[in-house]
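Here chain A shows up in two complexes: once beside chain B, once beside chain C.
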Partner chain A sequence: MTTTAPPAGPVRRNRSETLFGRHPVGMILAAPYAVHLAVVFAYPFAFSVWISFHDYFFAAPGVVVDHPFAGLDNYRAVLSDPAVRQAFRNILVFLVVNVPLTTGLALVLAVALDRVVHARTFLRVAFYLPYVTASVAVVGVWLFLFSSGGLVNTLLGPLAPEPSWLVNANLAMPVIALFVTWKQLGFFILLYLAALQNVPGELYESASVDGANGWHRFWSVTVPAVRPATALVVILGLITGANLFTEPYLLTGGGGPSGASASPVLVMYQRGLQQGEPDFAAALGVVLVAGVLVVAYVNRRFLEGRD
Partner chain B sequence: MGRWSAAVRQVLLFLGALIFLFPFWYMLIGSLQSEPDTSLRGAFPVTGLTLDNYRDINSRVHLLRSLVNSGVFTGGVLLGTVVFGMLAGYALARLRFRGGGTLFALVLLVQVIPFQLLLIPLYVLVVRDYGLADTYLGMILPFAVNTTAVFVFRQFFLQLPDELFSAARLDGAGELRILWSVALPLVRPAVLTTVLLTFIGPWNEFLWPFLVTKNPDLQPLAVSLANYLSNVSARAANPVGAILAGACVLAAPAVALFVACQRQFVSTDVGSGVKG
Partner chain C sequence: MRRTFPAALLTLSVALTAGCDRGAGVVDAGRANAATGPITIWLSTNQEEQTWGRAMTEAWNGRHADQRITAREIPAGRSSEEVIAAAITAGNAPCLIFNTAPAAVPQFQKQGGLVPLDSFEGGARYIADRSGETAEQYKSPDGRYYQLPWKSNPVMIFYNKEIFAHAGLDPEKPALATYDGFLTAARAIRSSGAAPAAIYPAPSSEFFESWFDFYPLFLAETDGTQLVRDGKAQFDTPQGRAVADFWKTLYDEGLAPKEQYTGDSFADGKAAMAIVGPWAVEVYRDKVAWGAVPVPTSAGKPPGQITTFSDAKNAAMYTACRNRATAWQVLKFATSRDQDGKLLDATGQMPLRRNLPATFPGYFARHAAYRQFADQAARTGEVPNVPNSVAIWQTFRDAYCQSVIFGKRPVAAAFAGAAEKVDRLAGGS
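Let's turn to the complex of A and B:
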């Protein structure tokens, strides 16, 4: 084939080609995916927004009922609900503990793992293992470790907090944040390891020529070079926080003590499905996603758009 | 510095790894002890290990049936993810068709919609409108197509050399024929990546199967274990031991698969999966 010829396919176009494109069979191949997007994402997304503006409740199957337009009533109810406000405050606590800890530890460990000589495989497996294990499984051990008579308190002796970790209103959320940090760290180490492969070696060499020591090189070369990865890590940490459900549901027995570790998704479940107020829960979902988008946008401006 | 700092780094990494692994060790040990022992020595027992806790949890949760349910759920999700992801990825990478560009833009958009927003409407649709509560299909449906997989396959098919396809076209092969006999035989690495990336998702998933299955006979192990953990554990002789035994059974397949395939589980794959 000569270099002047256009890539594959005849030049002459017939009518079906302009209508369906050069390879109409592509429409058939992509159809299941497109249908799935429509049924599982697009329609429920629109439906969710619709529910949030209407007075919606679960009727007996087969019964047709009115769902009158409710304007912003559901949103007003959500924003003035003390449990919702507390859940958002809890997520803030979660993020304050989880995000700096995750970014810091993941980056330091990735840099160290990148240069390690001995037992590379063992070390990587050790740090990734919590990430591949089900939350439900490891929650069991953490419950045992952090119970009032558990190993952590045994080791702390007189320093053990009273009331104990998971039933202490000030400590329950930080323990959940710590659990999630431990659980997800392997994934973020992987992200940073990938980013480190793209840092040009010359940057380190010129820094060494300038007389920078190891710590200095880390701050002035590595940290700025992996900033896009850091932005991604922060966004994903935020999404994890916004999605939090299993941990408060199981680790602190449904967001206890008295809502001190409840998350917005847990409140959505409790109000929407347990107490039968799907309209309230849908509005809460919209508020939550709007919040995530705003914070993600601000984060993007700060971490990515600075230069 | 140099040699010294390397040694310090090695030792610190080892300590960190041991701290990271400790909960797993404690899970295993706790599942083999007849009485929970929260002293430091209890974490490193030499005698008195028993399998009673596994018998106990099995009499309450029916481990085998739950494992089968987890397997069917995970298998269904993987099958859908691989088949539909491969077809859509191939079409988006190699074929020009009406709506292809729009679809790809939609793919990017969909990644922004978080699952929690869809929770209530999906529950209403799947459980109440489609009547799929307590069915495997209802569990699998939301995860049957995975956008990350579409990205992985699209990326893979884009990397294949153009000559491969133009040669087949010159030979007069139709597009389906090219997909079947040119692209698919090469696709195995991408399938492996996809399976590894998506296996832990459904196997570990709790929230969605928890919402759609109320019948214990159909619950995956993560759900039945969580229900045991939050409701009935008080009645067991050694509730902690029974929970930890169940946790070990739930963790084992994912851990085994990961350790066996950890060579394939390299940074580039996850990077491409996340960034698209």
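Let's turn to the complex of A and C:
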């Protein structure tokens, strides 16, 4: 058997390869999305980073406005603002409730749906329906459920919390987390269902031959096999939490009671758009993005890097 | 490939940043102020105002073929103010907007989005002649008019006569003039089971909600002192705390709910009272047997001495306008006596015109329900026209929610902290 050695010396690349890489057609096909990313994400993000380091407000065209460099002033203002600190604490509560609940429930329901024979389509649609329904449309139902005279308190009777759920500083954020879990569950079930189709049946057969019961097969075969999907679900759950806006805006009347359910994005909206302080809002946005990146990185290390 | 993609993104971003044409939409003010031609105006989404706006536009266009108005609804957005602020930044705001909130004017002015109306010949005199002393409240700190006081919705207490009768209260002359009287009535309503709530103002933390609970009573208690005067907060005073204590009692005793209600609590019979403007006359006409009284004061001032919140919406000219001479003429036409009468007829809202009842005696003779609102319109207070107006209201609302509604802090401590911050904001920092 003979082998052909690669030619010695530097590899020569022609000009088009230098410009467009080894797959020019792929580059052309990807270009529209790259432009979309640049226009819709990269440019606004770069601009907001710039704004966050300047004394900035939005002015009409032609109006000469000085935007002096502000250094870290906006970041200092963000990090020392009690409303911002409370919003981040609120989000932490949200994530602690929402992410494990979403991940666990979505996986269990996906496994159950994968095995169900009858009414499979109906059940999938039923789980997916809240995801495609606007929060505005379903928030009224949750207000009916969790208001002081609502269904939940009626069922709980004397065990109903006082103050009631949505005006209780300790319970408002967990209720929002429950609402978002319920609303997003259909999408995450779909992700897990897709992942389950790639789990080889032989693994379950081998586990059965080794004497594994249903729980062992789930824990030792299913859970590790869908780990990439779990990583995605957790990251998407984190991003959802970081972007939380509509639910506290609608469900608790703008982050009530007394800011107990305010989110960083809600504060960004209030300061950046309502109060005309885009520099503060931009700095808060950058802090939020940095936080999500760090948590997502840690999550990836834990969930994807263990093989 | 790995390097090419980020590089392409970065290059495009830089190119966009560098190439972003901030020159687009720039208008030469001197030339625009003298220019005539077609203009665009925005109207609120309110159906009655749309009806009036379309009729006004047709009347103008019939006589000015070369200076036609195109009237549009304010584009949909989370709020009109955000849409207008975005339009100012983009340079595509219309010439006139007949729905400019006074609280947003300082921000629009800071953006360079508003044309001072006194830059037109006779502009300041026209505004002062039309609105009288009330117009002073709408001057900006630089002494200029960036808004034309257009119409108000002076708020009063609406009450449900059937609920009052069920609670054993006099439905024709209820004793609601004092805080004590109001609280006694509220307790009777709750204890009799006539309604789940005595009154149901929105307990949410949006900055503008204070205009419909605390502020009308504060204006009444202080004979029209604005939230901020001479750069200083005015609510951390005995009068301000008295108003806050009144509302706190309502919340503490469960007479006003702390949860938000998604429907119309007054129309649904969930609340016996509501703080509303004259728009409510038409809205509740066939739903509730209602009566109206001025907002209460601690000492029970006579109705003729009560000042309340105006809930005004004004007209303003925007700097993206290229035909400002036409826009100014349209502004005067749309706020003329004739058009004010038509606005009153179509909407029931009160033109910010002095001596309103005497100006339109026929209308108020035909529509007696609006008469007391017209009387009240002569005594209204506006939001202060100061820098950081929205931030000031949000600061106040946060302190109010914490102390009055949810009782997390004592009123005195919350108001003192908020007043300190408001002083800084009003000073422009």
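The criterion applied here is as follows: the second predicted complex is superposed on the first by the 263 of 307 C-alpha atoms of A that agree within 3 Å, B and C clash if a C-alpha of one lies under 4 Å from a C-alpha of the other, contacts with A are read in each partner's own complex, and residues count from 1 in each chain.
Keep in mind that, in the parts below, a contact is a pair of C-beta atoms (placed from the backbone, for glycine too) under 8 Å apart; a residue touches a chain by one contact, two chains touch by 3 or more.
Remember, it's a predicted structure, so these values are computed and weren't measured experimentally.
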Superposed model, chain A: greater residue contact from chain B or chain C: B
Touching partner for A:156 - first (chain B), second (chain C), both, neither: neither
Which superposed partner A:60 touches (first chain B, second chain C, both, neither): second
First (chain B), second (chain C), both or neither touched by A:72: neither
First, second, both or neither for A:48, with chain B first and chain C second: first
First, second, both or neither for A:142, with chain B first and chain C second: first
Partner chain in contact with A:164 - chain B first, chain C second, else both or neither: second
Touched partner set for A:115, first chain B, second chain C, both or neither: first
Partner chain(s) touched by A:298 [first = chain B, second = chain C, both, neither]: neither
First, second, both or neither for A:259, with chain B first and chain C second: second
Footprint overlap on chain A, comparing chain B with chain C: 20-23, 26-27, 30, 34, 37, 42-43, 47, 58, 61, 139-140, 143, 147, 149, 253-254, 273
Parts of chain C lying in touch with chain A, wherever the complex brings them together: 1, 4-5, 8-10, 12-14, 16-17, 22-27, 78-79, 81-82, 85, 88-91, 93, 107, 110-113, 196, 202-207, 257-260, 262, 319-320, 388, 390-391, 394, 398, 401-402, 405-406, 408
Residue numbers on chain A that touch chain C, as the complex places them: 20-23, 26-27, 30-31, 34-35, 37-39, 42-43, 46-47, 50, 57-63, 65, 83, 139-140, 143, 147-149, 163-164, 166-167, 169, 252-259, 270-271, 273-277
In the complex with chain B, residue positions of chain A that touch it: 1, 7-9, 19-27, 29-30, 32-34, 36-37, 40-45, 47-48, 51, 58, 61, 109, 112-113, 115-119, 121-145, 147, 149-151, 153-155, 182, 185, 187, 190-191, 193-195, 197, 213-214, 232, 236, 239, 242-243, 245-246, 249-250, 253-254, 264-265, 268-269, 272-273, 278, 281-282, 285-286, 288-289, 292-293
Complex contacts: residues of chain B adjacent to chain A: 1, 5-6, 9-10, 12-14, 16-18, 20-21, 23-24, 26-27, 30, 36, 38-40, 42-43, 84-85, 87-88, 90-92, 95-100, 103, 106-107, 110, 112-125, 128, 141-142, 144-145, 150, 162, 165-166, 169-170, 174-176, 179, 200, 203-204, 206-207, 211, 222-223, 225-226, 229-230, 240, 243-244, 246-248, 250-251, 254-255, 258-259, 262, 265, 267-268, 270-271, 274-275
